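Down below is the structure, laid out as structure tokens.
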């Protein structure tokens, strides 16, 4: 059983979606994340164990490789794809509350700004770390964050901005959110942002590196 | 008489201090600011006319040449020297109140900062524009400005700073002065300063160019 | 439509900075590509919102930046220069604002020219608003109207050169890049982006002609520079970013097929390929754009530049003065050096030093090596249509990298080497026809783009 | 005391960037002057107060700046580099603070060297507090004690190279400069400043020797650079600033007579003269110090540089990243270009391009022309004592300018020409002996300085 979860972790890390998928070539014909997850559930492995000791271990492996310069975003994306397929099988257990994700995370690039590459990486890393990420896309107005927060009242919020002219939207948005929900944690990022700026606008922190951010989140939530 | 003041203006502009002085070579043996001022007073020219239509015209001439790149600081300094000699003769009339300067101006480089070249140019330009400049030198603490203000309660204050680390002293000093004397006008300058910074710390203005500053002062006082 | 079926510059020794076979006359007596490299200074606002209320402050910033850079141009006695006004989103969104700033800058340039006699010109880069919709409609809708109106109003307000960093095809390329899908990259650039460029630049050229000004050129910034930035941050393989550069050239060439005559945009590192093919002058940016982005192309970017740019710098205070003035100084000295070399007959050797200094350190720099540039350019002109040209450029770029690795001109990590293998496989799997390639895009990224947006 | 009575480099062709007859080994396996030009990156705090309370913030800034510049050094694979930590007044005033930051930086450099193998070294420039008193006492008093303690503690804390921009004689020179009094300039530099340098550098060398580190060199920044800045702003004639440069060389040479071995300070534009005379390596700054000051010496400054510096940049955010990282990139590319030229045997021609590009534009640049440098250097070594050397340097510099004007190598305004005449008169009036010259100083500026401060 332990071995099964190991196999699952490897399938995730290598981005092996299912038996049919041709990628990666050296795993041709082998079971992928899809089959292995199903099998684990059939063998009555606890869904929480599948999530923590299989899927997230796999994501961590590729994340670590990425951090040490031995993998790139495409590798992480392919792993994330495999993970998504596996998550479909776990969904009933999340819905029933039997397994819990780390929490909800509302993410978006602020109003007037269309840069989303950085934001997408944050999404990927947080998902891989066991967060339920609600991605509002780009050009997100303050009201959209607030509306979504009503649906996910305990969510943490993350905003991205790449333009010096839209940075100021982070202030507007932070103020608006904190007004209706003072306890909501708001984190910001993007090339022009700094910790000073975060302090100035009353956000809860700035992180240039999504992996460090994920570690920070794990430590505070 | 008008011609005498013209001569005086030329003596100032050329930096001809007195008859004996060897400089400028082409004016050797001619009367200088010293003799011409004495002569004007003897001929009962009004001291205010001597100041306004002689000395200050001379300073303006060299100032204009300076602004158009046809003179340098040494030329201005030598003119200022000639003016100082002339002013000695006018002193009794200032003391008696018969003639008035534009006003008092307290000037200094802020605490922790020893750069004074820029400040000295400001002094020279304001003096040449008819201001009574009280120069407190460099490394001037807030208390020194406040003490001097007691002596010259209507004075305008000017501060200089060249280091980004001492810029902040301008804030401390401005706050301290405005606390005891909210109506005192405070102007700031120096390479790292900007109008934004001036606004931020509650000063009354920033000027990069002493000549423009003198014009501004003339227009507001 | 202009057809480029042979190279204008076919010997790499003739691909040189400052010298362009078809120089461009514009603005106040400036001739770009006439044997000298000129600074192209770019500047932008510091952190602030742009609204009706702050427009006074916005104008104050642009006036101040102009005063500063003109003072420096005079102090250093530059032989000529270009100012680029690159619009921020609200300035195209309310095109009148962009026009207002255009006029302000142009007036300063005119006054300066009368005072000093120094030749100059104004490039206005309108913001491409058309990706506001998801998927973008590109040919219709309000963002498209505003973008085109931006060109019209700025042409009216005094722009000398029109440019844009257009975004057609980017919604697909972004995805393909992230998945490292080279087939998707080639198809999105060679088909989608290429079709959008042709559509867009026909209209820009029409506007430019109507006002007697210059239809400048575009940049694959959102494509290959995004890849380069991400590679620089360790997010993508550098070899993929290098290939993406070559792949972007046919797309940017499309502007010239529709009547653009250069100078191409500073951030278009595909510029040397454009120059070899068309003979039109190009703008480039390298080390002296360190204010805007880090780069593996610091020196080599200058090798065939006709304008030398800092890309963009905010109006913030440095110890010397404001940053735009500081970067005007930097560009001016760089140009002085290149021009001294050109004037004394040492241009080629200066160029070779610039090239040799970077190539051993970066596979992306290799793509700008004049010999490689000529090879890629040839592969483009001997093929017809965006897709075929892009495939050909990619294949040649790939073998140039392979050759450089084999000859130990440069070396790459093992992780990067794995990507060479992956890309080789991908190259052999490219569909023969455009419709096969479009099918691939629909299958993989059908949800993010619309065929109609490309007239397909 | 070391006597320099002949030139170490006596042919101008051998006065070349990166190559020094007596290279300096220091820090983590760095050899300066070994045939390569290395970046010397300098950085400073953004607008903030330095107090006990803000020291946490101060440390955070220095850590961040180190992280950033090291990332860039690695990304660009620099062959080696120097970090200069130039203290701000409170850091020498509380020398423990200066030592604390020294240690922080040195630790980062050590770790980086272990990780990457890239050679590096740390220069610490202590602030000369000694002009706090008016007139300055220089040899006694609390500011003097603190300044010397600053050196001691920083040497202890890990500095590899010691430097200072010392201020002896400046109180007089400032006045003489303002009045355009060339006799006063020569006497204050050749006698007062020279005497103070000898006194001070004997002690700095003693401290350096005790810790087995390098006694670097000084800069006439407060003298000739002040003049250059003021000339740049139209406040002083450029011809006076140019002559002041030559006049400052014997003063800066005094450090080497007392045991300094280079690299001299980046802002010491008298560096090439020092290099010709002593053969020790020098640091220089030019266009890539546009963050710190504007300059008429943008390219030519690099002609014989062994370290290439940005002088100083605040830790502010630019679009690319923080400014110190951006300028590390800039310096690295400049050095790459120079080193490529050197490696391929084109060093001399690169140097000549750098020289030729600036000389026609500036009389101050002319002073750095290698041929002029050699002439001035010769005039110095063939005379004995600061005053005689300074007079000789001024006379040669003056005729070099005259010759360049006669040959139309460059041209100056009529107002500047008048100053040539004024200076010619002044040169012929210099007193024969030091005591005559000191008398001139006492008569003119007796109120601003004390003879005892100079051991007179």
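By letter and in written order, the chains are A, B, C and D; residue numbering begins at 1 in each of them.
FYI, a contact is a pair of C-beta atoms (placed from the backbone, for glycine too) under 8 Å apart; a residue touches a chain by one contact, two chains touch by 3 or more.
Everything quoted here is computed from the prediction, not taken from an experiment.
Each chain gets one centre point, the mean of its Cα atoms, and the points for chain A and chain C are 34 Å apart.
Between the CA-based centres of chain A and chain B the separation comes to 65 Å, rounded to the whole angstrom.
Between chain C and chain D the centroid-to-centroid distance comes to 40 Å (mean Cα coordinates, whole Å).
Within chain B, the positions touching two or more other chains are listed as 164, 192.
Chain C has residues 44, 314, 319, 321 in contact with two or more other chains. If each chain is drawn as a node and touching chains are joined, the picture fits none of the line, ring, star or complete shapes. Looking at which chains touch one another, you get A-C, A-D, B-C, B-D, C-D.
Those residues of chain D that touch chain A in the shared complex are 317, 319, 321. In the complex of the two chains, the chain A residues touching chain C come out as 66, 69-74, 77-78, 112-114, 116-117, 120-121, 137, 139, 163-169, 192, 197. Across the complex, chain C is touched by residues 44, 72, 75-77, 232, 286-288, 290-295, 298-299, 312-314, 316, 318-321, 323, 325-327, 329-330, 332-334, 336-337, 339-341, 344, 346, 349-350, 353-354, 356-358, 361 of chain D. By the touch criterion given at the top, residues 164, 191-192, 194 of chain A touch chain D in their complex. Touching chain B in their complex are the following residues of chain D: 44-50, 88-90, 131-132, 134, 174, 178-181, 226, 230, 234-237, 314, 413, 415, 419.
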